[in-house]
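What follows is a set of notes on a single structure, which appears directly below.
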Amino acid sequence: MQRALQAIANRIVIAVPFLWLLVFFLAPFLIVLKISLSLPAIAMPPYQPVFDIADGVAGLWAGVREFTVDNYVWLTQDALYFNAYISSVVIAGISTLITLAIGYPVAYGMARASSALRPILLMLVILPFWTSFLIRVYAWIGILKPEGLLNTFLMWIGLIDEPLIILNTHTAIFIGIVYSYLPFMVLPLYSSLEKMDYSLIEAAKDLGCSETGAFWKVTFPLSLPGVVAGCLLVFIPAVGEFVIPDLLGGSRTLMIGKTLWNEFFANRDWPVSSAVAIVLLLLLVVPIMLFQRAQARAQEAER
Amino acid sequence: MKSLGSIRRSFAPWADPDAKPYISFRNVTKRFGDFTAVNDLSLDIYEREFFALLGASGCGKSTLLRMLAGFEQPTSGQILLDGQDLKGIPPHRRPVNMMFQSYALFPHMTVEKNIAFGLKQDGMPSAKIAERVKEMLALVKLEPFAKRKPHQLSGGQRQRVALARSVAKRPKVLLLDEPLGALDKKLREETQFELMDLQQELGLTFLVVTHDQEEAMTMADRIAIMDRGEVMQVATPAEIYEAPASRFVADFVGSVNLFEGKIANRDKDIATIEGDTINIRTRNAGDVEQGQKAWFAIRPEKIKVSSKRPANAEYNAAEGEIWDIAYLGDMTVYHVKLPDGRVIKTSSVNSARVIKDPLTWNDRAWISFASDAGVVLTS
Amino acid sequence: MNATLSRFNIVSIVLGFTFLYLPIVLLVIYSFNESRLVTVWAGFSTKWYVELFSNQGLLDAAWVTARVAFISASVATVLGTFAALALTRYTRFHGRTLFTGMIFAPLVMPEVITGLSLLLLFVAIGLDRGFMTVTLAHITFAMCFVAVVVQSRLLSFDRSLEEAAMDLGASPATTFFQVTLPVISPAVVSGWMLAFTLSLDDLVIASFTSGPGATTLPMKIYSQVRLGVTPEINAVCTILIAVVATGVIAASIVNKRREVQRRRDEQEAQRANNIAFGRNT
């Protein structure tokens, strides 16, 4: 009796979250896929065919035969979408590299700090992660705009005579992404650097390596798992980013997350935005799988 | 009756053919995937026995313990406790308790609550629990620490709490997984004797897993030497040391010199072994036959080192050179190199403070031993 | 790794943290600006805070957000803890790979995709958009974060604690509620806090899945931010930051205290033991 209860409890622990994710995570993707193959309609919901269980299998089949790849053809015909995809990947890629360049020295410094200081520094890196993303992006508007704090300051110290135009340019997006995602880069880097045995570097130096030589030949290669994890954690969400290009990039910036949002909210074209989402997902499948593999490996290592 | 080593007490149910074993492992095998942790193992343990499983890490001793506790199921074979087959009984229904290597004290409960945990599960009335807990605290001398949490205790105190918790339910068998492994040397030696006293006092059957031979020798009535999932020998500590069953056991417990040779002659009770550098005559030959390959195993302290040629040097003696000396205070270890290059370990007790004319490096020296100082092994 | 800090290390830490914190500090400072012009400092004032509390729309949004965050964090904590247990305790079950994928993917999934797909699901099953749908959406992505937090605690969990409980006669259920859960509870609590703030902060997913009656605070802020930087928004943001920062810092101080107390106790115990032992011998 009790064993039966135990077996049921085990089932529940697996089944409840599993079913939840099937319904609210996997099923929605299938629906996105289905709608991306549908035609827009002036109705609610604004697409057709609409499946109804009452129609039975025959109705389903009739609906399936109405599927069309028009939306995808449309994506290839309008250069807007292609450019948006390309520029999303380029912007996310450049931002990731800048984040790495800024994040690595910070993580390295943190890992070398005294054990009393380390938890405080770690806390300081995590803290912004808890504060609203929207607020952190918004804070930069006041700094970067032509009459904003940065320009006021630079003109006050006499470095420039005319305000720099930063807001509504790619530079502003880079700043926004680097700023928002820096903790995601620093944390995995820090955890891989912190684990490292400092005597390895001393051994390298003892064997005749210079300080920089020891860094590039010992420290950096050993921190590569952290580098990979950090870059993926920044790159993947940055490609689909909406808030940063919308608030800091202005109307001329093309990024796919923003395009999807506009397609959906402004044009109310659900089928096309679904197609955009599917293509974006395909674009990210490889990095997401890399990320999962890295996670699984890290988990194995911890066992 | 002549006996090996020193006898602990007259308790020896294993020698009684009518005695019923309390715990029986019958042809037990345990596989984890391709790895065989325990291989067709059979073993009997008697009531009130202090039994030790001794072996290197990965030899299957912990797996054996965990199968008895119910955390692992045997792949095949049978485990009986007091005549009852334990198959299918979950851990929380088994009348055995375990003291874990990590102590596994519940960090969020006080010492008191930890000790009471098992009693509560049995639905014992709370007044009775309180009484038993008090009794247990007194037993391990931890009364002032009842309200502390595990992290507020030292390693030795934690070990006592773990012990008190595991005996509180008066289990039929107490399983101890490396019970002293986490203590420092001095504390360990002291605790060994305490454990033995406790076992006597409670009259329980103790089954202890350890990799520390000194610990096993000190505490156990009998020891099972394990290697790669199999039992190599089950015997009293003295038998294990003085009459090992194989070269593996001889080498595993303590230090040993092995002389290889062929049985040249076998009389009624005397065998002669001919080797490259030394010929041995011994009474402890078991049932070896003429022409068989054999090893003579002898402990270092049973070899005498001397600068003079012994009286009868034809057998059980050889000349060599002092190769290394280690002065350890209570004794001195000499390594003597024989002409064939083999180094023999010997040790002599320093019964006097000053030695006249001591042996030193590169001296010529004779080793010699009595005819019953070692045993002949064939495997 | 432990070594002395070089000048380079110190400079990079200082610059890195300045970069992380300066914008937030400026935002907070300018929320106390007398002037409506964001860049001109015209003296200290709390008038924008006073104005906030007469803005009914904003207060409504804050109330919606708080309720959504509380409910979704609580449900997500239960589901996420289950998921973490499933991931660490049951190494073999059908669809484990799929399950693991569904736990980790939402962590990096662009929010626009998650939001769009959930919205389409709600439309397809005919669920009216509103409070309920936002909450369901938040539960879904927050439970994955909870799962990761709890899972990492479970991986370092000493299984012999559970074995000891069972060995002493506790049934698996008793073992879970009396031993496992109390020991991992700090991770469960921080999972809840993470889920709560994620829900509190979310704009994109809420925009997709919310309906007319259920505007959340980030949605409200976003619609006003599009119109430009205003001191009121600075004030709202400051309050939000203060709430979250207080929570996080308080939690970490409590943890730290406990840790310090623990260490002191341990040293105390060791010293007492040494004295007692010294007397014995």
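The first chain written gets the first letter, and so on, giving A, B and C; residue counts start at 1 in each chain.
Basically, a residue touches a chain if its C-beta (ideal position, glycine included) is under 8 Å from a C-beta of that chain, and two chains touch if they have at least 3 such contacts.
Since we're looking at a predicted model, the values are computed, not measured.
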item	value
Chain nearest the overall C-alpha centroid of the shown protein atoms	C
Longest centre-to-centre distance from subunit B, chain (CA-based)	A
Chain-chain pair with the highest tally of contacting C-beta pairs	A-C
Between subunit A and subunit C, centroid-to-centroid distance (C-alpha), Å	18
Distance between chain centroids, defined by C-alpha means - subunit B, subunit C (Å)	53
Where subunit A and subunit B are represented by their mean Cα positions, the distance between them in whole Å	59
Sites on subunit C at which at least two other chains make contact	171-172
For subunit B, residues contacting two or more additional chains	90
Subunit A-facing residues of subunit C, complex	1-6, 8-10, 12-13, 16-17, 19-21, 23-24, 26-27, 30, 38-39, 79-80, 82-83, 85-86, 89-90, 93, 95, 98-106, 108-113, 116-118, 120-121, 123-124, 136-137, 139-140, 143, 147, 151-152, 155-156, 171-173, 194, 197, 200-201, 203-204, 207-208, 218, 221-222, 225-226, 229, 233-234, 237, 240-241, 244-245, 248-249, 252, 256
Footprint of subunit B on subunit C - complex, ascending	158, 160-161, 163-172, 174-175, 178-179, 182-183, 262, 265-266, 268-270, 272-273, 277, 281
Subunit A residues touching subunit C - in the complex, by the definition given at the top	2, 5-6, 9-10, 12-14, 16-18, 20-29, 31-32, 35, 45, 51, 102-103, 105-106, 108-115, 119, 121, 123-128, 130-136, 138-143, 145, 147-149, 152, 179, 182-183, 186, 193-198, 201, 232-233, 236-237, 239-243, 247, 257, 260-261, 264-265, 270, 273-274, 277, 280-281, 284, 288, 291-292, 295-296, 299, 302-303
Residue numbers on subunit B that touch subunit C, as the complex places them	69-71, 90-94, 96-98, 100-102, 104-108, 117-118, 121-122, 148-149, 151-157, 165-166, 169, 186-187
